[in-house]
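In order of appearance the chains are A, B, C and D, and numbering begins at 1 in each one.
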Amino acid sequence: MKWLEDARRGVPPSRARWRIVLHEVIFEADTSAGKGFDVLLIASILASVVVVMLDSIGAVRSHYSSLLYGIEWFFTIIFTAEYLLRLTCVGRPFKYAVSFYGIVDLLAIIPTYLSLFLPGSQYLLVIRILRILRIFRILKLVAYLGEARLLMKALRMSGRKIAVFLYTVLTLVVIFGSLMYVIEGGANGFTSIPRSIYWAIVTLTTVGYGDISPQTILGQTLASMVMILGYAIIAVPTGIVTVEMSQAFNRKVSTQACPECSAEGHDVDARHCKFCGAAL
Amino acid sequence: MKWLEDARRGVPPSRARWRIVLHEVIFEADTSAGKGFDVLLIASILASVVVVMLDSIGAVRSHYSSLLYGIEWFFTIIFTAEYLLRLTCVGRPFKYAVSFYGIVDLLAIIPTYLSLFLPGSQYLLVIRILRILRIFRILKLVAYLGEARLLMKALRMSGRKIAVFLYTVLTLVVIFGSLMYVIEGGANGFTSIPRSIYWAIVTLTTVGYGDISPQTILGQTLASMVMILGYAIIAVPTGIVTVEMSQAFNRKVSTQACPECSAEGHDVDARHCKFCGAAL
Amino acid sequence: MKWLEDARRGVPPSRARWRIVLHEVIFEADTSAGKGFDVLLIASILASVVVVMLDSIGAVRSHYSSLLYGIEWFFTIIFTAEYLLRLTCVGRPFKYAVSFYGIVDLLAIIPTYLSLFLPGSQYLLVIRILRILRIFRILKLVAYLGEARLLMKALRMSGRKIAVFLYTVLTLVVIFGSLMYVIEGGANGFTSIPRSIYWAIVTLTTVGYGDISPQTILGQTLASMVMILGYAIIAVPTGIVTVEMSQAFNRKVSTQACPECSAEGHDVDARHCKFCGAAL
Amino acid sequence: MKWLEDARRGVPPSRARWRIVLHEVIFEADTSAGKGFDVLLIASILASVVVVMLDSIGAVRSHYSSLLYGIEWFFTIIFTAEYLLRLTCVGRPFKYAVSFYGIVDLLAIIPTYLSLFLPGSQYLLVIRILRILRIFRILKLVAYLGEARLLMKALRMSGRKIAVFLYTVLTLVVIFGSLMYVIEGGANGFTSIPRSIYWAIVTLTTVGYGDISPQTILGQTLASMVMILGYAIIAVPTGIVTVEMSQAFNRKVSTQACPECSAEGHDVDARHCKFCGAAL
């Protein structure tokens, strides 16, 4: 277990030849073997998620129960082997194990083993769908990764404002929910404050199931206020995200003026003035 | 079938006099004959769509079944003749046949013939409504076409970001749907994972039919999270589209490439290439 | 009826002294008499709308039927007299009669007379609420009028794009509605194409009553697509209106450069350079 | 009661040593005692809100009624003592009492006393949740306070436009509600105009409970128009808030007034008044 010790100490192990080849096949997608492995992997993941979904449909389960059970274990054992291989051939197994993909890979096999003790937990296997996120990296969909990063950046930049907004929404639903509990009471479905808060969320977000709805005039008046409020304040997160995105996406315009004609408004990557052609 | 051969080879056929006249009447709207044809066509399309809708109402069908059946065949034969005429008089019939309008024109007559074998498929005739899109071109609503093109451009520019967003939404509804299936179970209406995913879509998009709604405290808590999430992330596509529209409507980028270095993306008022300084 | 003839010919009548005074009281709000009249008018309008609403509540009507009936006629006669007075004292009665306010004033009295022949039409009296729009002018809420005008301008500017969007939405609901009618059929509530189109509108706009909802797997899949589509394309009108508003509201920046220091970016109302103080 | 007199006259009282210490502990969070007090306070508030919520759940109340009743009074007495201490040690008690936090602190204890006369009013104690707003100040979440202030500023700037929008929405729901009352009538659930207006709000805001929904063809047609209207005009507040936020987040306007002409609204980088040219 020398390599494990090395990894723990952060020292890259002197890697054996077979581990380098394995790494190339499993982690990279430049060779044809690597590409084949990745396509096979994605197909397996999709197939296993479909099996979990089919297993949850009563009519299917009653007929093919043991078949689906077998397939489920088949995929789980495959993915377990793959997880162990990844741990073996990667340079720093600990770093991989605690990375996003490492955790998802682990979570994607645990539920089957867990279902031996906790029946029903095998349905959590759909978390395997997250493994598909790898598809962007594998298929060299770099442009999409760039877009995703831009979106994440804009959302992170608006994080604090969104937090303030969410805090306000939570305060509002607690207060409106409690008011409705006092006004409507249990007879009209508002049986407790938590349930009334649930109603307030359903209403403020304009979902409106209709499983609980106010019956008294006063309750309907208050509900109308909650609806109009929810209808109007959706403008707040929208505004926040739009402004941040606008800043995150926008083409940068240089502040540099042309030394010849003093024209401004050049792009940051411009090397010549777009009006007189002088070098910037 | 020489013209068909020609068209297949991409050679414009030497068109007979009657075909040129027919083309002007059917495809153009500059002459009074052409304008009259187009107005008649749009009226026929609208009338035939109304007939299909009336035919679907039980009370109407039971009384006027054969009349509506007759009208339907009448319009279908008219439109079939028109489709064949279009194929005949157009310069390159294959290009027309595989164009957007050519396919719509074909789809607009198929369902009636299909209904001889598959009863019920005649209701797909409403696809004829798509033929009305021609109205913009016919009535010289050029300004509207320009606006539509601008909108399409903004949507195409935001296509990748929207794709990333949709992928995220799909992953979310699969995971939330499965969680709800485990939490609520079949007794509360979440009878399978696909059905639970359907519920997750109904909730995340704030539609909220209420045909399936969580009954347990844990389920209602998770549902609340899904609602608030759906309420907040609507800001993401809105932000994306707003920013792209803002750029599509405002920024004028020339389509001119530099004659020296072939670089593109110059502003419309640029007189020199911003990369090499060559005159544009 | 000389003044009527004059008005018809567009000639301002030589107005008698009493008509000038009346005009000042009824149409203007500068004198204390005019202000008093306007406040009284708004109070009457609100009172009459409340009476109409009360009259529509069964429990109230059964007890106070004749009282409410009396009040209704009282207000109607008052408003009729006021309408005639307005016609009398205004310079060009025909221009007033066909103006927005003139039509609203007329519509606000007709339903009561109509209810003699068509019972139930008196409830249309709530159109009187539109008369309240006058409040902005009367109470000199000029700033609000300015904002309203800005909003109207932005909406008018985005009118064509919104029209293209609405046309697309209508085409989509017709096609999706018909598809659902074929898929689900009358047994699941989709009893006709118009009713299925109604369902498609309820779903695409994310209202989601739940009075009609798909039962088959295929129907739920298509419904999911409609929901996600409706959830995403709300971004289109939002983006359009935001961009147009941004242009309508934005502070104009002058393109003028300072003659002394060449600084740019001055406001259009600036008379001095904000950096060196030189006159612009 | 000399200090009370002083406070009433706006004179800062000569404060005793113990009151200064108390003020530091209760109002400030710089000392470890002050920080400890604040953390304890927030924990107490959260605990008391949870108790109120638990008390509202029938199953819990039936078993632990007297325990919860005791805890409720315990917290109320604690908070009452804290409120009196705050009044005692603050420099200007009247100013504190009428400030936002002062009023919330009072409202947070009143319901318990009120519940002696009005059973059920103790559920209004959830207003205590508003006291948590203090957490931002206490925990030095200054950055979040800044963001909240920016959001408030943007909302205040768009206040008038939002008011015009809300007025339009209210006018629309009154008119649409009344129309639906006339069209559908009491048999289909539209039992009165106020109830129909409630339906119009539920529909226009796209909440869509489904407790009232149109049954006639004409009613469904009108409802479809209301839905599409509601779906489209959400763009208006969103556009307003986005534009104002864009200006509030981006444009830096100095608060400095010109020493010569008192004009305001100068840019932060301005060194001269843009109206009279005087140095700022």
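Observations, loosely collected:
Heads up, the rule we're going with is that a residue touches a chain if its C-beta (ideal position, glycine included) is under 8 Å from a C-beta of that chain, and two chains touch if they have at least 3 such contacts.
Source: prediction; values computed, not measured.
Identification of common neighbours of chain A and chain D yields B, C.
On a Cα centroid basis, the chain most remote from chain A in this structure is C. Of the two chain pairs considered here, B-D and A-B, the higher C-beta contact count falls to A-B. Centre to centre, using the average C-alpha position, chain B and chain C are separated by 32 Å. Each chain gets one centre point, the mean of its Cα atoms, and the points for chain B and chain D are 45 Å apart. Here the CA centre of chain A is 30 Å from the CA centre of chain B.
Residue positions of chain D with contacts to 2 or more other chains are 165, 194, 206-210, 230, 234, 238, 240, 242, 246.
Chain contact topology: the protein chains form a complete graph, every chain touching every other one.
Taken together, the chain D residues at the contact with chain C in this complex read 160-161, 163-165, 171, 174-175, 178-179, 181-182, 186, 191-194, 203, 206-210, 213, 217, 220-221, 223-224, 227-228, 230-232, 234-236, 238-240, 242-243, 246-247, 251, 266-267, 269-279. Chain contact summary for the complex, chain D toward chain B: residues 206-210, 238, 242.
Remark: chain B residues 49, 52-53, 56-58, 120-121, 123-124, 126-127, 129-130, 132-133, 143-144, 147-148, 150-151, 154-155, 162, 165-166, 169, 194-195, 198, 201-202, 204-211, 230, 234, 237-238, 240-242, 244-246, 249-250 touch chain C in the complex.
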